[in-house]
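Letters A, B, C and D mark the chains in the order given here, with residues in each chain numbered from 1 onward.
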């Protein structure tokens, strides 16, 4: 048991605080002889890196990853990979404001109550900075999955502005700062978020992540369900408040006929489903269709407006966030969600191979 | 690692197929000297038992639980509890229809593909019958939690008919066959479900489960988050397609001001929150407020209308479900959701005690 | 985490007390489509069954095992196997003697101190009766390993009487009630044990278990070492006080030249070792040679001579064991040691397959 | 599951190769508010550091440890500790000799066969260098255990030269380069090891580790036994081939009367044992007496004499170790054994607290 690890066979353990010397992760169980280098992991980290548009936090971190163990001459050796990113932008800020006050919506109060101590600098361990290591681990997971499996994510809702799914264009996702697959909606979000940002407020978002090429058979019955592990993985991301698979909550209002995906034999002689309400998972096991996951990210808790709170000493007070912050932390959650899905799938690929062979 | 176990310290392992001789569970890690008897567990099983109204399946199972190990003279001894329920109603039905055909929406196809073999009788291991053991384990978990923590569940939506939350009345929940806290809506559901049932179709539902009296501090950072474990627990229940905590998906459309729950000092000198958008969890750790969870159950996959599918031999065919079935499996998921929340909380209570003392 | 489970992928959980209604185990992670039936498991249980000679306990248990889940039409389905043995010989003995007195050498005192409660009937959970389920699980593990891997055990020392290893004859092991591979020594043990038994005393034993046909590559570095898992498995057997691999403690007095097994290419073109001081494990990973394990079992703690002890109430007293008991519990540990080695190897076979493929 | 982690609640994960940039460990589950600094951990590392006498390896490593996460203002915060030691003495040696040849007695052959790739520089992951992180973790474990529990180790046998236990003097342990509690025997070992070293050979050793002040009740039944976890922990140390508790293998030749430790009520009103054949563990649970563990370390495998071996290409050849090496690696295993015992006890302290409270 470890509260800072996830996965069973592809097992990731992360460590580090927002303003410590470094953050890092250890990945155990990686198959040997996979070609991997720092540049490849860096590519994914760069996609997550803050400060790339006016819509994400301005912390300036190069987030340069180093592989410190587990590879030899460019290939994995079967021993644990240790990945480290030095914290460069740990400017000695003035923490007097948050040292003794619990920021509403943050983990300040609960950490304090649980542990009786907390590293308040930049959120300490509860900072979203930890998600950089998820992205790094996800890059390794993709190597385990191989090229036949593609994992992509997109932002599908900001505030109450949802995309038009009929216009979904994956190419568009790389063209705007929101990972938005709907070019028109990206424009709307831009205006909306500028307004939110200028008013010092914040808003939430829904991210959709999809894995294509997943073979049928990954996952396991009952408590080892692929979707149960996905749910935990996504819910473990900072600020996530909901997760759904396939039709998700909307399945409630479907009829049995609409919901139960019918099957036919395709031209290639294999089984094809005529729809994908299941989101690629039946009975906790992948169907071979796209695995489709959505998760909701709450509005950034750090906002300009003064908010009522209490101090560590038990006194009532107010707090407001100084400086610039993400108006919508959900934007940066897209590469994180992709990484978590990659890790869960890599884990289940190994688990399936263990029990059922290849 | 075990696909049929969940929990870290309060650890439940279930076994058994729908039409085997029995189903059962082993619960390890139970603290010693808790007073518990079969009658108490039976009370919770009786709430879940099928066949209690025309809206749930007609399988006639007494579901009589036996405690076969782990107690002595009415108290737990610290050794594993083994709970067993004999399968009584395992009538030798005619399985020729489902033996070779994959039922859409069910786990038939994925189990077959994964294992190359399946116990097709009544769904085998993927049958919702397994949830009886979750309910039994939940009864034990409640003993671990003690009387100060109350866990209750309700059905809050059937099809697209959602309750009016302003009329929420917990007493009402026990008065109708739907665990509905809104008396007026219970009437609507009755008509709606009669129509659904008569048409041979089915519909989905949303369940809300709430734990009151949970102390601040349960849960852990990052991958041991209380809400991540709750998400996995709920998503592991048969037919569940979505899980959310507190404001959940609706948090997306809130502003930062609306979402971040403010804090004041109450008359009792302790911290009070002025709202509960967080659903009782911040940074993965309980806040002391009610833990509020909702999950979506898809429509029953077994319906009367003929559906296109394929056979184990790779041929196209059709299948339709004979006899009576649940028009809405979500109804019976209420006690199951309660049980899962109880188990997760019991586990985290022990985990917290391990790391932080009492 | 579970104190009553072992193995990571081939995962065995046992439950039950000596004088409860039944004992049982759940085996999760078993590959699908293995042919297995109760008769095959029973064969191994019959080898362990007490009361087969005057040198082992006279408890009369048929130890008839039932497979209650996890198989279908004679083959494993990939879902958990539940094996149950009813306790038949749970005669209502007079427990007044041991109810309040801690038997020296037994777990009575420590269970009481840990849990504040104990099922004193026949030792409760700490009874060697639990080992029946290890043997049952071992039978399943052998199916996972396949016919190419053979696991055999023998008694190599009783009291201070060690066998002459030069006379080792596996056929002899089945011919005497001691699993002794040295016919002459078996005679000596007979006289010795008759003397021990008649004097109401007891003695210890050393068991050697050997696995042949184990492929090179099972095990893992550092904390997943094959020999580390074997050590834990053997030390977890009741009354075991020591475990060694290959040359074991005697390696201490070897020179580096004697200890480091040299390698040559055999006529078959593969690597052969010229000796096996390593006991088939280097760096925690199997070498392809025989895996050789020995473990020491302490003398039976239940003896006729009155022994000084204390009561649950904190008073000094004496206790002596009535009736007949094993003069040497080590004898019955042979099939148990075999089973544990089978389980550890099956687990590592699956673990190896997960990380490295086939 | 993780092959590079151990412990359940006090959970240590190590990473790093002998000649990579650094080695490190992550310790999860550490209780909050323990005062700990790098200097304290360094004290233990310095005891293990190589090159302190002519009897241990001459690798010159300062082994300076850094705490990179998990503490704040000198105290643990409940989040994972990351400890890192940079590899300074990673001189670019000539590895042509060991690159293609498997060194007998080492893990070269098995790693190669398992993974199809290996970092041959200095043994890579299988190097004893990894044990530095065990010692670091052990220092943290001691903080968890508190001052009331003392863990000490000693060398009790080198080659076939065993100490006279009647002369045991803990003060002596710190006075000679062997951790030998018998001053006279330390002299003998000095002559013996000089001879061994000059001849280019090596020898084995037996280490004894003892924990005093352990409360009764740590450990758990069946597979969570304290001594089973100790056995795995010790067997996981490089070159260890045997582990025993209390009387250990010698218990075999004891009579039941000699072995079963009798109990009396001491002057302080608590239970006292009249002997400690059990080594402080009964039924897998601590008795409150000293926990006594011994383990055997095989002779150093790297020796001067040419040894027959094979190459990665499948050809027969010879190999001999150049330069100076430990004549007896067992010497440096003393602080490692202490650390492992500390870690196991810390883990079980938390596990006990979880299930049974304080």
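Methods note: contacts are C-beta pairs under 8 Å (C-beta built on N, C-alpha and C of every residue); 3 or more make two chains touch, one makes a residue touch a chain.
None of the values given here were measured: they were computed from a predicted structure.
Visitor: Going by more than half of the contact pairs matching by residue number, which of A-D, C-D or B-D reproduces the interface of B-C?
Guide: Duplicate interface of B-C: A-D.
Visitor: Name whichever of A-B and A-C has more C-beta pairs touching across its two chains.
Guide: A-B
Visitor: At what distance in angstrom does the C-alpha mean of chain D lie from that of chain A?
Guide: Using C-alpha averages as centres, the distance is 39 Å.
Visitor: Using the average of all C-alpha atoms in each chain as its centre, how far is it in Å between chain A and chain B?
Guide: 26
Visitor: Chain A to chain C: how many Å between their CA centres?
Guide: Each chain's C-alpha centroid was found; their separation is 46 Å.
Visitor: Among all residues of chain D, which ones touch two or more of the remaining chains?
Guide: 1-5, 8-9, 14, 29, 32, 78-79, 111, 114-116, 125, 221, 351, 356
Visitor: Sort out for me which residues of chain B touch chain C in the complex.
Guide: These residues of chain B touch chain C: 1-5, 8-9, 11, 13-17, 20-24, 26, 28-29, 32-33, 66, 68-70, 72, 75-82, 111, 114-119, 124-125.
Visitor: In the complex of these two chains, what residues of chain C are touching chain D?
Guide: Chain C residues touching chain D: 1-6, 8-9, 14, 102-107, 109-111, 113-115, 125-126, 130, 157-160, 196, 201-206, 216-217, 219-225, 227-236, 241-249, 251-265, 269, 271, 274, 277-279, 282-288, 296-303, 305, 307-310, 314-316, 330, 351-352, 356.
Visitor: Which stretch or stretches of chain A touch chain C in the complex?
Guide: Going by the criterion above, the answer is residues 1, 9, 29-32, 78-79, 221, 350-351, 353-358.
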